[in-house]
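Read through the structures below before going on.
In the two complexes below, chain A is the common chain; its partner is chain B in one and chain C in the other.
Showing the complex of A and B:
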């Protein structure tokens, strides 16, 4: 009898584990639909996806970082830096967009690598290191751009996150959103089905054990921070596409949205837990709240209030789930 | 030298020396274990057992001495290296990644891969096989390890060591958090491993366990081997003598205490769950033992007395006080509480010895409210020498001390505060014999200074050895209080389980 109960319990809670964030999304979405059915139209859905892309892409990297028990506070600055780099290359040097975009991603990768090196080589705490690089990168971006937004002419980059033209509505979402979904699938595969993925979880779950079992803990951390930086760089490409300018003062505080997305999606700041799909859903939940509030004509302070409540509720439910499971 | 076996030892440590600063941790230690043998390593805390095993596991380097595995020289660079060469450690605090599944933990760091992806099927298959080999096919390899019981986690850890190809397994106090049934299953498993030709090192405080599971025993004292012998050729008494250098009969200081007026009286006391409607009196200068099974409500009783949990009904009178009862008031009334949970509750292990001892009474450490470290150290030094705490200096972190010394620090806090009533919850749990003896000696001394002690313990010989009266608790109620002369070991047990003569009615 007891064993039976235990199995049931394990089953239900693991089920909730997998579909919990999705359930939360349905709840939030359902709530806004009852208030205003407009949010369920194709246009509204397109906008929601479009607006989730920047946070969503950065959240892919942040998920990995958080699973290892780390955190990256410099993500927002990194996104702005990438957009500035691309804008400079396009505007001042006239470099083809594809190379400019890659350089933007490389800039993100570089700063992620710097974070990783500082954390693993100097054995510093991620929170402090990235708090430092948050300011360093932001300052450098402002310096590079002379503290002014750099507008860029229209290229195909701008279409990445633009609303779909009337003839192309069958695509459902803009290209950037599809790119985010494809990358999410890749990262999910990496985390679930490769050795390095298991090692990322092991490092966050029990670093000592991971080290004892011969896992190169330092290299795993360097890897996730570097890759996390690259994703922030790509998010910078999207920022540029959306705003059509490289803005050194853009994406301020966005790292908090990104972290919130991961946490709503089931990530644990103490490491060992997190899922890519969850994080994406987390990002989308926050956009749904924002869009829903706007459609109802509610002021931004309501949006912030509701988002805050959702974050706290998500973490509380997660905590409850853990206590039940053990 | 001991057993007439012709096979070479599985591993051998020869003339190992190790010193930390001025203290000699290991002095010319020889230790070897043959394949298919279980070798127990005993000694009080601080005798050098863990240092010796850390050297074997590659965590420390010996200052001199040589090691061999199957006759091949062995000098591990670090724990990973030692593990790769066949040394598996099963630690007290289990080291699994709780977010990963059983199979993932077993193959952590050596996952089977196909086409760059994890070969989940093969991993599950191999894990199931490994668990079956250990006689624990009932553990599902797909479950996250956070959901397993302690004994199951231990099995997974053993499976992991075997999957890594370990030929030597070191068990460090493996039964400390297991129930009776699981202990038996563990012993079966160890026998099975023995049959497969592994060499097993078994570290434990419990001599009965060693008798059940080990073939040979080596005793360490103060960093040197005091004896090695087949278990069947040596008596418990001589093992203890080798460990302590002291006769067992000297362990409990048997003095009669002159008890005075009542200092603590409890009437009809109930808490939110436990205890239930119970009463008790403690007199000046007496040691009152409280015996009971786990879950009888002894800890809850002590916590309520000290004001850590709320009183639902009933009264507690301490001396002439019967007013408010927060821990802060209790300290002021001269009551001190020693938690059963030394590491989590009793001590701030990241702070220094001096900080821990003086934490509850930081007065007179300097002008105004300033704390002069010099004065704090001076106070602490006094207790370090009185209680014989083995440490480098008063500013050393408590986490660096052995269990017995940590417990002495926790007790020293009550002495520094100079409380009159000491509520002690399992003060000798999990500590070495010498520290126990010292604590008994101090408790006995305290009674001559007219202090009163309430001693909660699950170990009858200890209660019978040092108490004046013993109260037995059963299902939240004190069912019987008698003078120690009228108690016998089996009567304590009977009363605690609520049988026969005792009127311990089950209330629901």
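Showing the complex of A and C:
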């Protein structure tokens, strides 16, 4: 009888583990629907997805970094740098968009690799290293762009995050949003069903044990920071698509939105926990709050206040869940 | 050994001679808010021009970032130690820079404030040379009324909480719009925030809030108090395919916005005159050092530019200035 009860309880909590962020999303969304039904229209949903893409894609990489117990404060700068690199290639050199976009992703990958090397080879703390590269990459992007945003003409890249044309409404979301969803599925597979994925969790849960078990901790860290950088690079492609400019002053402070998305989605800053689907939902929750508040004409300070409350509640529920699980 | 002695003596004498000469010359230190933004390059060009005309030495130095108050305070203090003849300053903060300005003036070095104000310090500085931001907003409102023929629904996309210059522009606009009783501001509570992408997202949400199924944007005019807000609103309307429905008036110009003006995607831009700010500040400082009386408040003026004005030569010079001509001489 007692065992049965225990199993039930376990089941309830593991269920909440999986669907907690999704439940939170439904709750927040439902709240705004009761206030203003406009948020449930196809246009509103399209815009909400579209506005979640830049933070969402970068959050895929950040989730992996946070699972290993690390953090990447340079993500915002990295996004801006990638957008500048692409704009320079498109505008100054006339390189085809596909190659320019690819080079932007490579730029993100490169800075991620630099972060990873500094952290593993010099044995420095990720917080400090990426605080440094936050400034280095931002400065380099400003220098590269000569302090001016670089406007690019309309290419097919712009369509990644543009409103769907009238005939294509059946797609529901713009291409960039579908790309984000597909990548989330891939990264989720990587984390759950591959050896390297399990190693990522192991490093974050207990680095010493992982090392004793023969896991190449340094290589795993280098891997997640490099891949995280590449995702920031892709987010830069999306920023360029959205703004149609390479902006050296763009995405300032966005790393905090990205980290908040991961945390709302169940990621733990002490490592060992996190899910990409959760992080994506976290990014969408933040957009829903902003859109919902603005649809009702609430002033900006209310939006910020509500977002802050949701972050704290998410972390508090997470904490409670942990204590129950133990 | 003796030869080396003479060489050294010659160098020392030469050095002293140089020192002597430069102490006779007027040296004016100009401290902007930042050093690399295009706006400040234009201010610098104006300052160089004035310095050359007046035969004074101009020193240009500013903080790297426009929010580094400590660095700017140190720059002012250092110029006091250097014993320059006068300081022209664009304060990063209307309060934090009061103490260093006061200590400069106490040591006999006059200060001219440019671009942004210094609070409760009218008795300390010699003159304040800047755009009248309130008037800039009011001018935008007059033209908005004219373009929309005195009726319509208006959105004001604010910039940042606590930004003094844009606050004044927003207030000036809203005050100016009162002259048109049939024009209604339907949203003025949203702040676009520090980046263009954020401003664009906020604009999209404003559009979603007001648009209806008849293909109408739900508003007829948008006022944006700086370049980033104007760009964000422009992008959001363009991508919602509602650009023809809404007239945008913005303050400040950059190459992307000038292009939008050429394409008539923006109804008009109110522009400041940064070259004049730099020129007038250095000139005013020179007059102060000569013992002349100067105006306590000097307005460098704003101009409204519509797409039709772009061909006019004086407007051309204002939005496509030849800065390199002066910058190369510093």
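Just so it is clear, the second predicted complex is superposed on the first by the 324 of 326 C-alpha atoms of A that agree within 3 Å, B and C clash if a C-alpha of one lies under 4 Å from a C-alpha of the other, contacts with A are read in each partner's own complex, and residues count from 1 in each chain.
Simple rule for what comes next: a contact is a pair of C-beta atoms (placed from the backbone, for glycine too) under 8 Å apart; a residue touches a chain by one contact, two chains touch by 3 or more.
These numbers were taken from a predicted model, which means no experiment stands behind them.
In this superposed model built on chain A, chain B and chain C occupy separate space and fit side by side.
Legend: residue contacts after superposition of the two complexes on their common chain; A:111 is shown touching neither chain B nor chain C.
By the touch criterion stated above, A:173 is placed in contact with neither chain B nor chain C.
Of the two partners chain B and chain C, more chain A residues are in touch with C. In the superposed model, A:47 lies in contact with chain C only, and not with chain B. Draw one line from the C-alpha centre of chain A to that of chain B and another to that of chain C; the angle between them is 120°, to the nearest 10.
Once the two complexes are overlaid on the shared chain, A:213 sits against chain B while remaining clear of chain C. In the superposed pair of complexes, A:231 makes contact with neither chain B nor chain C.
By the touch criterion defined above, A:32 reaches neither chain B nor chain C.
By the touch criterion stated above, A:291 is placed in contact with chain C alone, chain B being left untouched.
No C-alpha atom of chain B lies closer than 31 Å to any C-alpha atom of chain C in the overlay.
Shared contact residues of chain A, touching chain B in one structure and chain C in the other, are absent. The part of chain A that touches chain C in the complex is made up of residues 38, 43-44, 47, 51, 54, 142, 147-149, 151, 162-163, 239, 242-245, 247, 249-253, 290-291, 294-301.
Against chain A, in their complex, chain C makes its touches with residues 36-38, 158, 161, 187, 189-191, 193-197, 200-202, 204-206, 208-209, 231, 235, 239-241, 254-256, 259. Against chain A, the residues of chain B that register as touching in their complex are 79-80, 83-84, 95-100, 104, 108-111, 113, 116-118, 120, 143, 146-147, 160, 164.
Of all residues in chain A, only 10, 189, 193-195, 197-199, 201-202, 204-206, 208-215, 272-273, 325-326 touch chain B in the complex they form.
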